[in-house]
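Chain nomenclature is as follows: A, B, C and D, assigned in order of appearance, with residue numbering initiated at 1 for each chain independently.
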Amino acid sequence: MTIEASTTGGAAPRRIRLGMVGGGQGAFIGAVHRIAARLDDCYELVAGALSSQPQRAAASAAELHIAPDRAYADFHAMARAEAARADGIDVVAIVTPNHLHVPIATAFLDAGIHVICDKPVSTTLADALTLVEKVRSTGLLFALTHNYSGYPMVRQAREMVAAGELGEIRLVHAEYVQDWLTTDLAATGQKQALWRGDPAQSGAGGALGDIGTHAEHLGRFISGLELAAVSADIQSFVTGRRLDDNAHVMLRYANGARGLLWASQVAPGNENALRVRVYGTKAGLDFRQEQPNQLWLTPLGQAPRLITRGGSGAGSSAAAGHATRIPAGHPEGYLEGFAQLYRDLAEQIHARWEQRTPDPLACSVPTVVDGALGMKFIAAVIESSRAEGRWVSARL
Amino acid sequence: MTIEASTTGGAAPRRIRLGMVGGGQGAFIGAVHRIAARLDDCYELVAGALSSQPQRAAASAAELHIAPDRAYADFHAMARAEAARADGIDVVAIVTPNHLHVPIATAFLDAGIHVICDKPVSTTLADALTLVEKVRSTGLLFALTHNYSGYPMVRQAREMVAAGELGEIRLVHAEYVQDWLTTDLAATGQKQALWRGDPAQSGAGGALGDIGTHAEHLGRFISGLELAAVSADIQSFVTGRRLDDNAHVMLRYANGARGLLWASQVAPGNENALRVRVYGTKAGLDFRQEQPNQLWLTPLGQAPRLITRGGSGAGSSAAAGHATRIPAGHPEGYLEGFAQLYRDLAEQIHARWEQRTPDPLACSVPTVVDGALGMKFIAAVIESSRAEGRWVSARL
Amino acid sequence: MTIEASTTGGAAPRRIRLGMVGGGQGAFIGAVHRIAARLDDCYELVAGALSSQPQRAAASAAELHIAPDRAYADFHAMARAEAARADGIDVVAIVTPNHLHVPIATAFLDAGIHVICDKPVSTTLADALTLVEKVRSTGLLFALTHNYSGYPMVRQAREMVAAGELGEIRLVHAEYVQDWLTTDLAATGQKQALWRGDPAQSGAGGALGDIGTHAEHLGRFISGLELAAVSADIQSFVTGRRLDDNAHVMLRYANGARGLLWASQVAPGNENALRVRVYGTKAGLDFRQEQPNQLWLTPLGQAPRLITRGGSGAGSSAAAGHATRIPAGHPEGYLEGFAQLYRDLAEQIHARWEQRTPDPLACSVPTVVDGALGMKFIAAVIESSRAEGRWVSARL
Amino acid sequence: MTIEASTTGGAAPRRIRLGMVGGGQGAFIGAVHRIAARLDDCYELVAGALSSQPQRAAASAAELHIAPDRAYADFHAMARAEAARADGIDVVAIVTPNHLHVPIATAFLDAGIHVICDKPVSTTLADALTLVEKVRSTGLLFALTHNYSGYPMVRQAREMVAAGELGEIRLVHAEYVQDWLTTDLAATGQKQALWRGDPAQSGAGGALGDIGTHAEHLGRFISGLELAAVSADIQSFVTGRRLDDNAHVMLRYANGARGLLWASQVAPGNENALRVRVYGTKAGLDFRQEQPNQLWLTPLGQAPRLITRGGSGAGSSAAAGHATRIPAGHPEGYLEGFAQLYRDLAEQIHARWEQRTPDPLACSVPTVVDGALGMKFIAAVIESSRAEGRWVSARL
């Protein structure tokens, strides 16, 4: 159990200097990123282009203890200025609507600055592939915040599959179900509903892009399998909605495993009901993100076991222990899982500074390639649905 | 709450005379039918062709207090003899392997005897359709034991949907998951695995026929919707297995609702994990047969409510009350649900005897048409899977 | 797994002839006893004094297929007449209000007839002790329907404790919580509330007698420990109520284990929330009667295990298997648990007839001594509460 | 929903300067306090006496970015020096073993510095009462980290009781159950077990002081009732253990309500199973800290409702909203609950600086008086247990 990233002896390494684009007053996910960055005390937020409106950018920065000379209204200016400073930022967090992810990431990568980007990585597959090349060519780090992969029990699930405890994997069932778009929320002017429902800002996927890619990634993250093809049926149940609000997808993995994926934002009574079940020849696993401190392990022919974060049944999991801050029975949640990606990226950055190999346990942070796979997934699902269920490749 | 079918005053109506075909020593489902018939004291088991082996038939009958002269080894002989007796059976319960359902049912229908038949109704769609016609032409009763429809909370769910409490239905998610065929059980000589894995005895569906049709029926029973088409991907994960052991199905209903259905017998840790979720524009419902005394109701914008059988939140449900024997907090289970179909059929038979309209609450017992729809579902799923996911009609 | 008591080969033994006292039209628990007796087909109900009102007794009997000449209005007459018949009843089930249990039981014991009696056994400890002596002197069987002890998972829990799987037992926590007396239900004329609230019919205990003795018995049944002393605080929260509606009790067992017991009928939201937790030096067990197909086993230093009735994790339990009718995942409930006591008593009766030792697995049916211990428990709790928590012996 | 304490417009108020005593390398709760202080960005840790060993104190400070001149090995020196600095700490967090709480708190209060103190507040009731007077006389703020009172659902529960939604409260059931002391852990040299098992460092209570006071406080916090008297039975099950490892307590509240409290560290399978149930004449509430995003509300005569943090059913709760950072379905946990006390104290401090009334929602942070009540509870329980269950006053 690691309470803080910095308690391993010796003076604390300097905090990583973090900048942020987006996330000004009233934004949601920006604040989550800031708490995540703060939680383990590995970062300090020192610069930001928190809004493209200068006044709001300045006010937002002031609220966050960012010095006025590092409060920008333009991300290009920020990238240039920060790259030029001796104490410039080491990494930028991008928390804008989706359509701005690629241009912003490109600007900072070009300036030699690592990137943390909210998902989905882009609005088109083509953009995502271009960005993959950009990241490769610069050699910089690019973390995509598929945050659910930071939960200790998810890390343990992945570790157990990799260790063969489930046998050969046959089935992957992933679902992410919400209800907040059951009615025509955009018609009420709700900001989130508006931009997420606008293809120009969101991309081609509605529920697919917003939550479907989380389910797709988590299934892949835990199972370790390559998704080969999809057959899908997507819908927009609410009249006038331009993007899907429900998606049913059948999955085929490269190893012959099969699966189902369901993403919905119109199922009353569901908040963020992300669940992944994986079944192999020897055992099954069941993870629900709303109960992230628990993981069911169901070995064939034995009683189901409820593994808890830090608990007796999880004792030997290096991967879960790595992602744990407090003892069993004291629940960790969404913010801690999110923070884990920040902490792991910090380790990767420190390893570069110190010219050493990073801790392997810190190396599962989703990357730009995961982002491109997510965009491919969205494109393939839409194509299959339009082709009345024809199987479409999900490979890059 | 009705404790016994016969406590409504006046002398008890005479018990319905029941015969049974199949269900001899060592059989499973026959014993379940017998308990179901006995539970509410509406039937007496007086005749049987419990086995096609004469010695075993006689021994089985003796164990069950059946008089030797009414212990048959041949169902044709039984149908003839019982039809000829003044005290002959009123109804026969068919609990043999699937391929015998239609010939046996036909023999008893031809003899003027009502039929209770285990599911699936037949091994081919054509046979099922022929049987539909036979039932129609005789005017006799034919109950198909999709037993999960007898649970009080299932009855209540159906009633709530019909009353519009969920609004317009958009989504139906049904799954029935087991693990008992994760390994090659047939290779060990296990009897159930052998005949269920043999197309000649089971029909074209493996998991599909055994449990998939339960899920299909229950989704339809609760939602009240007509299934229009399916797109499917089925598998046999275990080498050498001739029938499917896993089925993924996308659903389209006649009203535009969509759904997913998953049937599996290779998911370790699942016993009889039958679950149906239905979502409409106003609320959702979630039923799990392993917790049959509970029903989640999730009205949009309100806290989820846990309705319990007989409990405060279920107070006004006529349909649930009709199917309930004991008060809230004292769980009823599988046998009681099964018995409900027997009790409801008894009411239908008594109503015929008394030349009156049966209690409408006793009229949801699945029929031969449900059986035919199930066979159509199996055929459509297999056709779609072979056609790589093409949508195939599920209508008769 | 035993589907029916009679499927072990050979002709079925004759059904045990059952009589019933109490349980006429409108009664609740009588109907439960009848279903329990019927479920495994070991009994036939042939006589009854179902009501002390002759007309109602006759009408109730007619509804239950009891011959008119065996429908009595007086239990003394019934005991005499049945004892005199060649085909007289073998056993009587007593399902009247509490204050009649002892006189009725005495009459039938004196007539040489076995007794099944609802709990609590009497209204005073003195009466219970007298009855213990009566049973001993006659050598007849006396079963007390502490029905929760018939659940397979309760049987398994008891077996696991006895086998030492929990180590030395340190803690027993039992609670039985309801809400049906939260308001002054008796004031509305509700029949159950009226007689249960009347000391003359119910005895000195309210919630204590009605449900507290169930919790006391179940804790003792599972743990196998002797209750040594209690310290208690009981209340009647509703104005005008003459008996307790809530009881808090601290427990000391003979081996040094300690416990808590809570019985309440004024806790809104609780139906029949009977739960027993037992903790030893090596593991714990947690059973909830509203989920009777499950049992949590929590070995120290290992992941908690969810044992299910008939499931993989319960495979080797002879005691649970003995009490099981249908496979895992298909829930059994209250009626099946109740029926288990009837089935086990049938085995005891058959063994007597056949002059053999009964199956040890059928020998845990609660007896008149358990009834006396329950009455002692009630008396000790009341005495302790009056003495402001002084510890009072619970030993006979 | 408040994402960050500082997003209400205008420049951020300066961060509160925090010092810490205790919590050096290898300590647990100190790290929790630091994360809690950091989470909402209201504090900066600038000074510490993290260990009484100078070398370790310096090394610990270096790891935490504390300047060398503000790394102390002696808390008296720290109090003096910080009080003398223009940029001295505003508040000190005390995270040492229990016996040091009072002297350290006194030193900082005498220096005019606010105090955050881990619980229990002292090792004796007398010390606690002296400290109450000290806090009163200085007029400074004193926050006791009964952290579970920071959970949004606990805040909501308290608010609902206060609003009369449960009617008059009759029953309070609190339990806090662990298993980590099931064996003689101290004998293995485990540090936590050693000091917590030593009366000189821990005080008179074992499980009572460590977790029992949390249960006592939470029951009182939610119910709003004054605890009047206790009757108890405490044990040390493990040979050689000097303090209790299990406590059973019956409770009487000033308004006539009754309750039970169970604290145990020897119940295998329990991690931090803190649960509080409160029942009134109109409804009940059930909160479990291991599922802190959920609260069951059980109105009499209605279906139980599962209220979730931020969810539809919790929409109108000002108290829960105040303590919430992220939307429903994304779980918050222990650290967020802990952080809530820090954030609320920050509001109280800012209000003092700004000479205004603090937000009433931020005013439920436990105080030194709660600490004294906890010590009185411990003393009363021990006295009652020694007096064989005699009721002992729990009032100060």
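Throughout what follows, contacts are C-beta pairs under 8 Å (C-beta built on N, C-alpha and C of every residue); 3 or more make two chains touch, one makes a residue touch a chain.
Since the model is a prediction, treat every value here as computed from it, not as a measurement.
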Farthest from subunit A by Cα centre, which chain is it? Let me know. C
Higher-contact pair (C-beta pairs counted), B-D versus C-D: C-D
Chain centres from averaged Cα atoms put subunit C and subunit D apart, in whole Å, by 44
Centre to centre, by mean C-alpha position, how many angstrom separate subunit B and subunit D? 55
Which subunit B residues sit where two or more other chains touch them? 270, 300, 304, 308, 311
Subunit C-touching residues of subunit A, taken from the complex the two chains share: 297, 300-308, 311-315
Of subunit A, residues touching subunit B in the complex: 170-171, 173, 179, 182-183, 231-233, 235, 237, 246, 248, 250, 252, 258-260, 262, 264, 266-270, 277, 279-284, 286, 296, 298-300, 304, 384, 388-391
Subunit D partner, complex, touching residues on subunit A are 3-4, 6-7, 9-12, 15, 25, 28, 31-32, 34-35, 38-41, 59, 62-65, 178, 270-273, 289-293, 308, 311, 325-336
